[in-house]
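The following blocks contain the structures, represented as structure tokens.
In the two complexes below, chain A is the common chain; its partner is chain B in one and chain C in the other.
And then the complex of A and B:
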């Protein structure tokens, strides 16, 4: 079977999982149903021959699942009342989305065929990447040599995010002054 | 450490063996980032998950005795500075920021190759593993505080 058939199968499985996650009443079951979506993204990366991305996506799926279960499994979790649905607003939104989709059909037709990007830089990387950098894994040679500025930005974002999270959590816990000495 | 903290004896015994294998696998993924799929980011998340496994199995108090959390935060912060230092060494040796000034050494498809790429992979691995674990640890502290336990 071609890879598109497998992708359509995986994506429809993901859509099914997210619908199940929305409709379930139990919060733990919905978290596990959301896990289907992340796993499906990981499997579709494997079908598209991107094992680097598939590994990272799979690991972060496990990480997010642990954090979500830890956060929501407490007894004091307060479930909000479902808000009333404005039917006119939903209808207007759906009609607008369909109109935008129909208007952009020409743009979709002008895109290159699936799996055939016409990029000159990627052809350069495939031809000269191993010779230029000495790295056998081309993905690593791109993210740490050709595009190392991008990785530097990523490191800075991670550093700032961790710093901000620690600062906010310390301010919250200082009011009780029992947890403060732990950090 | 109280005997009741953490999970059951079976989980603790399995964790005691498997955590080291998981950490070893993470180090393998980081060191071979320039040869096989993976790299600093994926290997760092594997190591952070090993620490998280330890925390879930043995409880929060044990992990505080086992490692020094502020030392982990120091490793995470100094990794960011080391990344910048490698970039500045690129200016010194090769003329442009973050240049791969060691790329001439080693042979292709061997562990000793690719110049600064393995060094940057190790730095990113240290940063991601320690950073993610410290954030999860801080979130768990915050949770007890909020619950008023």
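And then the complex of A and C:
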């Protein structure tokens, strides 16, 4: 089978998994269903000839599942009955999103067809990457040589996010009792 | 073309979740779905039919490789997404400790 057929199959499966994840009542099943989407992305990366990305996506998915399950597994969880306003919001949202989808079809037609990318900058990197950087893996040559400052920024963002998460989790709430009284 | 449209549908499903769900956990999961769709779309734009992965071996010339510039940039994006997810989860846990609910219509007093 050609790559495109496989991709259509995998992405349809991912759409199904994401809808199931959003509509399930049980939160643990919902988090596991998100795992379908993430691992589907990993499989798609393999079909699209990006092995580095497939490995990173796989690890990301496992870590995200661990974080989500660890954080939410013990919480009491009460799903509210949907009110009338919520149903109107859902209807309007679905109609708007379908309209956006139909309008966007023309934009996707104007893009280069699948399988024929515009490789302008990449042609230089492909031709000279091994000579300039000495790396056999050309993805690594971009990350760690041509765009090393980008990677430095990424590490800074990751560090800041982890620092922020730790800070948020460690703060004692000052007015915990007063808020509970007001509720 | 069909693949692009399916990937765009995945992005819209995530957007639908962010707009309509009232549950903080579901909103975090929807953000994750949108991130997956955006990453996948960028890699789809860089695929060349019949090409192979961009790693130099014996007998492989750079002409038959896929576009590897989006691959390098998406690698950055995936890692940042993990940091964002961790921070959102931390915020949601703090909000739950304070208000004992994940329902955003009940979290009204967003004081420090």
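In the analysis below, the second predicted complex is superposed on the first by the 140 of 183 C-alpha atoms of A that agree within 3 Å, B and C clash if a C-alpha of one lies under 4 Å from a C-alpha of the other, contacts with A are read in each partner's own complex, and residues count from 1 in each chain.
One rule holds in what follows: a residue touches a chain if its C-beta (ideal position, glycine included) is under 8 Å from a C-beta of that chain, and two chains touch if they have at least 3 such contacts.
Treat the numbers as computed from the prediction; the structure is a model and nothing was measured.
*Asks:* Can A:94 be said to touch chain B (first), chain C (second), both, or neither?
*Replies:* Touch status of A:94: second partner only.
*Asks:* Tell me which touches more residues of chain A here: chain C or chain B.
*Replies:* C
*Asks:* For A:152, is the partner it touches chain B (first), chain C (second), both, or none of the two (neither)?
*Replies:* first
*Asks:* Could you tell me if A:104 is touching chain B, chain C, both of them or neither one (first, second, both, neither)?
*Replies:* Only chain C is touched by A:104; chain B is not.
*Asks:* Just chain B (first), just chain C (second), both, or neither: which does A:66 touch?
*Replies:* The first partner, chain B, only.
*Asks:* Touch test for A:139: chain B only (first), chain C only (second), both, or neither?
*Replies:* After superposing on A, A:139 lies in contact with both chain B and chain C.
*Asks:* Please indicate which partner A:130 is in contact with in the superposed arrangement: first for chain B, second for chain C, both, or neither.
*Replies:* both
*Asks:* With both complexes overlaid on chain A, does A:165 touch chain B (first), chain C (second), both or neither?
*Replies:* In the superposed model, A:165 contacts both chain B and chain C.
*Asks:* Between chain B (first) and chain C (second), which does A:56 come into contact with in this model arrangement: first, second, both, or neither?
*Replies:* In the superposed model, A:56 contacts both chain B and chain C.
*Asks:* Which chain A residues lie in the overlap of the chain B contact set and the chain C contact set?
*Replies:* Overlap of chain B and chain C footprints on chain A: residues 51-52, 56, 60, 63, 67, 71, 76, 130, 136-137, 139, 143, 151, 158, 162, 165-166, 169, 173, 176, 179, 182-183.
*Asks:* Which residues of chain A touch chain C once you look at their complex with the stated criterion?
*Replies:* Interface residues on chain A, with respect to chain C: 3-4, 7-8, 11-12, 14-15, 18-19, 21-22, 27, 30-31, 34, 37-38, 41, 44-45, 48-53, 56-57, 60, 63-64, 67-68, 71-72, 75-80, 86, 89-90, 93-94, 97, 100-101, 104-105, 108-109, 111-117, 119, 121-122, 125-127, 129-130, 136-139, 142-143, 147, 150-151, 154, 157-158, 160-162, 164-166, 168-169, 171, 173-176, 179, 182-183.
*Asks:* Applying the document's contact rule, which stretches of chain C touch chain A when the two form their complex?
*Replies:* The touching residues are 1-10, 12-17, 19-23, 25-26, 28-30, 32-33, 36, 39-40, 43-57, 62-63, 65-69, 71-76, 78-87, 89-94, 96-103, 109, 111-112.
*Asks:* Sort out for me which residues of chain B touch chain A in the complex.
*Replies:* Going by the criterion above, the answer is residues 29, 33-39, 41-42, 45-46, 48-49, 52, 56, 64, 69-70, 73, 76-77, 79-80, 83-84, 87, 97-98, 100, 103-106, 108-109, 113-117, 120-121, 124, 127-128, 131-132, 134-136, 138-147.
*Asks:* Inside the complex, what are the residues of chain A that reach chain B?
*Replies:* 51-52, 54-56, 59-60, 62-63, 66-67, 70-71, 74, 76, 130, 132-137, 139-141, 143-145, 148-149, 151-152, 155-156, 158-159, 162, 165-166, 169-170, 172-173, 176, 178-179, 182-183
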